[in-house]
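Note that the chains are named A, B, C, D and E in the order they appear, and that numbering of residues resets to 1 at the start of each chain.
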Amino acid sequence: KETVHIAAASSLRGPLEIIVGNFETQHPEYEVHISYAASGKLVAQVQHGAPYGLVLAAEPDYLEELHARQLTLSAPQHFSYGQLVLWHPQQHGDALDILRDAKRIALAQPRHAPYGKIAMRYLEQEFPDTDFTGRLVYGENVAQAAHRVYAGAVPLGFVALSQMLQLKIPESDYSVLTSVEPLPQAMALTKQAQSGARLLYSALLEDAAQQVLTDYGYIRYVAAE
Amino acid sequence: MLQPSDWQAIGLTLQLAGVTTLVLLLLATPIAWWLAFSSSRWRAIVQAIVAMPLVLPPTVLGFYLLLLLSNSFAFTFTGIVIGSVIYSLPFAVQPLHESFRTMGRRPLQIAASLGAGRWDQFRTIVLPLCRGGFVVAATLVFAHTLGEFGVILMIGGSIPGETQVLSVLIYDHTEALNYRAAHTLSLGMIAVAMLVLIIVYGRWSKSPLQLGSER
Amino acid sequence: MLQPSDWQAIGLTLQLAGVTTLVLLLLATPIAWWLAFSSSRWRAIVQAIVAMPLVLPPTVLGFYLLLLLSNSFAFTFTGIVIGSVIYSLPFAVQPLHESFRTMGRRPLQIAASLGAGRWDQFRTIVLPLCRGGFVVAATLVFAHTLGEFGVILMIGGSIPGETQVLSVLIYDHTEALNYRAAHTLSLGMIAVAMLVLIIVYGRWSKSPLQLGSER
Amino acid sequence: MSLKVKCHLPLQHFALDVAVSIPTQGITAIVGPSGSGKTTFLEVFSGVRQVANAEVSFNQTLWQQREFLPLNQRRVGLVLQHPSLFPHLNVADNLRYGWQRARGRKELGWDEVIAACDLNALLQQFPAQLSGGQQQRVAFARALLAQPQLLVLDEPFSALDDDARQYFVSYLRQLSEQHQLPIIWVSHQLSDVAQVSDTLVQFSQGKVVSHGPIVSELQREPLRSKLALSVLDTHYDATQQGQEECWRLELAGQDLVLPKPQWQQQQPGASVRLRVFARDVSLTREFVTESSVQNQLAAEVVDSFTARHPAELVVQLRVGEQYLLALITKASWQRLDLRPGTRVVAHLKAAALHETLREAL
Amino acid sequence: MSLKVKCHLPLQHFALDVAVSIPTQGITAIVGPSGSGKTTFLEVFSGVRQVANAEVSFNQTLWQQREFLPLNQRRVGLVLQHPSLFPHLNVADNLRYGWQRARGRKELGWDEVIAACDLNALLQQFPAQLSGGQQQRVAFARALLAQPQLLVLDEPFSALDDDARQYFVSYLRQLSEQHQLPIIWVSHQLSDVAQVSDTLVQFSQGKVVSHGPIVSELQREPLRSKLALSVLDTHYDATQQGQEECWRLELAGQDLVLPKPQWQQQQPGASVRLRVFARDVSLTREFVTESSVQNQLAAEVVDSFTARHPAELVVQLRVGEQYLLALITKASWQRLDLRPGTRVVAHLKAAALHETLREAL
């Protein structure tokens, strides 16, 4: 059996486990190991010889960085789009109203977490004159933002739609924020890529995988012309 | 080179480490005392419980603490102090425990026979005789609080000026591939910590207790 | 309830904690010895350097270690052992140092006069007399390695069967919002750690040294 | 006024099993073979070793019954077998420790005690820089400076040389008399004990085998044969002053002349307690004129007892109303044809007497 | 064959400044006031305290010069002022520690030493469960069982009672004679020292103020007046056996009769070394017949010296070729009209002699 090491942003964990499971049944000659970590960490690791053949990130920026350093075989490939939601289990209604009066808002650290970046972009776009400093509670990543809302420590937070579906949160408890660009989920093969990584790379763009991603709230990738 | 937000984080970090160290010494001393001198059957169990904060990954510990503190101190300075205190508890208790145990009861009995009450004994005999233990406990806690970010990030939320400490900031910088800023802050942190520790350890080694070991 | 990958992680974790503890005791003993008995001017500085791994956030420390190990042990079991060893160094050195210091030279001189060579003295006198220090060092290191994931994740990369230890797995589960699995593993970890520590501490407290403190 | 102790504490081979009442006046000596429980006894009643069910009271105060009075409220000056100085304090600070915490009027002055224990040169040193004997002197002075109401000493002078020990033993007497400080004192040197104690408590195997006033304890077995010492009460006689350097004492109408203890100024008529070892007493049938032995006392043989050596006898003599012991060989007993009632002359060598008297009362 | 030590070590108020050669035969006693550097001296030459520039050699072996021979290669049996037992080992294991590591033939047997130090009942106890005196006995036995080539003792019997101390002091003599074990011994009890030592080293303020054979040291100041003890070599005379329990010794043609030391079987003609305290000697002009004092020696006054007390004199007497000291008052000196050359009779009280002889050679 050939071992395929891949690295992925932890937000992708839900669908990826299923996709890889299917992949392994179809291709029993491969055994896939996934390491989940924040994208920044993954970049540093690939730079320093991590054995990952394929890297999946929640945004293309970090992969561009790797590509610029000639550590990937090609430019980052988008394979689906993640959607930002506002999770507000304690209040129901319009997201903007809820945000306006919120005491604390959880989100991922915009310095490095993709969902944090678009959450920040959303706030700036919708409330150009409001300074949220002091009301924003940052997490390491979108999962930590979700923890806080889940634990009830923060009444609302910017999280990913995929998380809501995974936790089976009733639709009334969150609002999908469509006014902000969804996050392109991107992947790239590294120089260590063997046949398995390449096969998986293609599989992700196929229908079966795309269906799984859609089930998890991602927007289907449509190949550009 | 450093931005105001960095300075703010530095101040906050020192404050956090200082307060945590202080609180922990106050808290760990009676626990360690009880462990050293009680003959209760529960000793081993209490000792093991004290070590538990070490066993869980900090973020996981942080998550449970968040559940505990969610309606009170989460995302405040007090909250991260509580988190750091719990996280570093074993580093304070264990060296103190061992230190009290080796000191034994004899010096206290002598002090009592010379008229010293409990608190007086503690101040004039225990503190200086177990100075080594207190130094080990304090420096381990202080340094550990400087470096810890998992628990702090989880229950603090990295709010600038309130809970954004240096370790979280450095972590953010490395994650953002902002290596330059990370290096600068890391080096600064190391330099300051080295300085503090060299002074502490330098003074400590001059203690007359060193001589005492010869006879 | 636990999956094979969990069992694998548990095995790996115990192995890592065990090996790290062993390596650190071997490594920290001579350092602590030198710190306790040398009269070199460099003592305070070496002591401060030993504490440095505490000061940096684990991922940042991991990042620098990654730079160091990138062409050799990164992403291997050996690599995470090295990382854990460096990360936990202060927890081994400091209690041992304090323990050696309080023991002093006298028992060793007596042993030497009775014909014991250096290694013999160490085995028959230092080990039992400083047992408290060794227990503190070993349990702090062991527990700390169980719980540490920042450094390990960075230089290990969470490769199942190779570098994916329990703490990393629990962390992953919480990241995946897989709270149930996280709770189960956390509880298991706490239970096992409690058991081990209660046994260790229970046996330790029965030591005849306890009696010694009375006279 | 007494210290009452009742306790039962199982030890390795036997139990410390004690119920005694010790007078809290003067000096009480506790003697007994090594390992007989003397230290343990001190530790129990002073409160250093907290033993369940022990009962201790000092004068009118309960120290332990159901309640345990904390050590710091007992005002006991403790000098344990091991000096236990505070290693982090220099000598001055060790001494000041109790001194500063003493309440009320200070009976024992700082300068006085420092001078008596000759610690002036050592004040700045740390315990680790002191010799064994120096450490003991500091521990002793520290206990005194805390102004105790009871001084408890466990072989406090064992690391001192003969001269220093002699000096401290007589200093104990002085403390007891001038400051009315009760002293309880464990010593393994019977001769020291005999010199200055008022009461004697003998331990063996964890039990008090005998206790009472020293004069009567000395006349009883086992001490009578083992130590063979007698205590004589005499009067200082100023009228018949002989040489300047000598002392004339009156005992049952007879004179004794002794080299005068240098430190003591006695009032005429004051009573002086002499301790005379039986081995320093020899006997003749008649007064001997041309002898270096100045002190010859007319006495009467009362009885004789076996001595430690089978070839010897301890002879009990009566001088006036008091008893004096003499150690002689059986051969001499026969040669001199002694028996109860025989009138003899007891020779007390001034020099020997003075040795036991030296610097002491 | 000797131990040569040269060292300079600054201490608190003075420096330890020594360059001596000590014979490594028999027993060497080191005496001196408290704090005079005795312990420090032992520590330096035995290697416990590593002092730069010290030079030490034992018999033919260099122990320290440029190189420092590690303690475990010196085979020195150390008994330090503080017992320093291993707290984690019980008595048996403490004793075994050196025993198991001793190489070669074992001169000193396990059973023999355990019995001599009376440790059989204590073997299973831990040091924390021992009394002060018991700890010292264990430390002493432990050093012996390591089969040392040199025994170094620092006040090893200070926590023992008189009887036990006496016993151990004579045991030292036995060790020295039966096993040719050289012993260097710090003691603050001059009388113990005088009983069994061959060589005496006197310390004061970090310096060796005097050293030499004990007989001559005793005849010199300051010991002559301070201790006032003489050592007499006599012969055991089997032909004129008196009573069963007594011993007849011959000294310069005259007879001495003493209660026989019980433990010793002497061959006729064997030499016996007597130690006589001056205070146990009294003088007359003529032989006294009706006295309990059996031993009267014809002697001649050689000289007189000031004694410790101004009213007394130490009188040096010649008996045959040997010297005997007597302590008498000045008054007696005048009354008896003594001067150098006067023929006198020295009275040695058998009982007193026997005390100093007791259990000892």
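Definition applied: contacts are C-beta pairs under 8 Å (C-beta built on N, C-alpha and C of every residue); 3 or more make two chains touch, one makes a residue touch a chain.
Because the structure is predicted, anything quoted here is derived from the model rather than measured.
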| item | value |
| --- | --- |
| Co-neighbours of subunit B and subunit A - touch as defined | C |
| Neighbouring chains common to subunit C and subunit D, by label | B, E |
| Chain located farthest away, centre of subunit E as origin (C-alpha) | A |
| Farthest chain relative to subunit C (centres taken as mean CA coordinates) | D |
| Inter-centroid spacing, subunit E versus subunit B (mean Cα positions, whole Å) | 58 |
| Between subunit A and subunit E, centroid-to-centroid distance (C-alpha), Å | 90 |
| Distance from subunit D to subunit B - Cα centre to Cα centre, in angstrom | 55 |
| Residues of subunit E whose C-beta touches two or more other chains | 82, 129 |
| Interface hub residues of subunit C, defined as touching at least two other chains | 59, 63, 106, 174, 212-215 |
| Junction residues of subunit A - those touching two or more other chains | 41, 44, 147 |
| Contact pairs between chains, per stated definition | A-B, A-C, B-C, B-D, C-E, D-E |
| In the complex with subunit E, residue positions of subunit C that touch it | 106-107, 109-117, 120, 124-125, 128-129, 131, 207-209, 211-215 |
| Subunit C-touching residues of subunit A, taken from the complex the two chains share | 5, 7, 10, 13-14, 33, 35-37, 41, 44-45, 48-52, 141, 143, 146-147, 150, 163, 166-167 |
| Subunit C-touching residues of subunit B, taken from the complex the two chains share | 43-45, 47-49, 51-61, 63-64, 90-91, 94-95, 97-99, 101-106, 132-133, 136, 139-140, 143-144, 146-150, 167-168, 170-171, 174-175, 182, 186, 189-190, 193-194, 197-198, 201-202, 204-205, 210, 212-215 |
| Contact set on subunit C toward subunit A in their complex | 59, 63, 66-67, 70-71, 74-75, 153-154, 157-160, 164, 172, 174-177, 179 |
| Interface residues, subunit E side, partner subunit C - complex | 46-48, 70-72, 74-78, 80, 84, 86-88, 90, 97-98, 101-103, 126-129, 142-143, 146 |
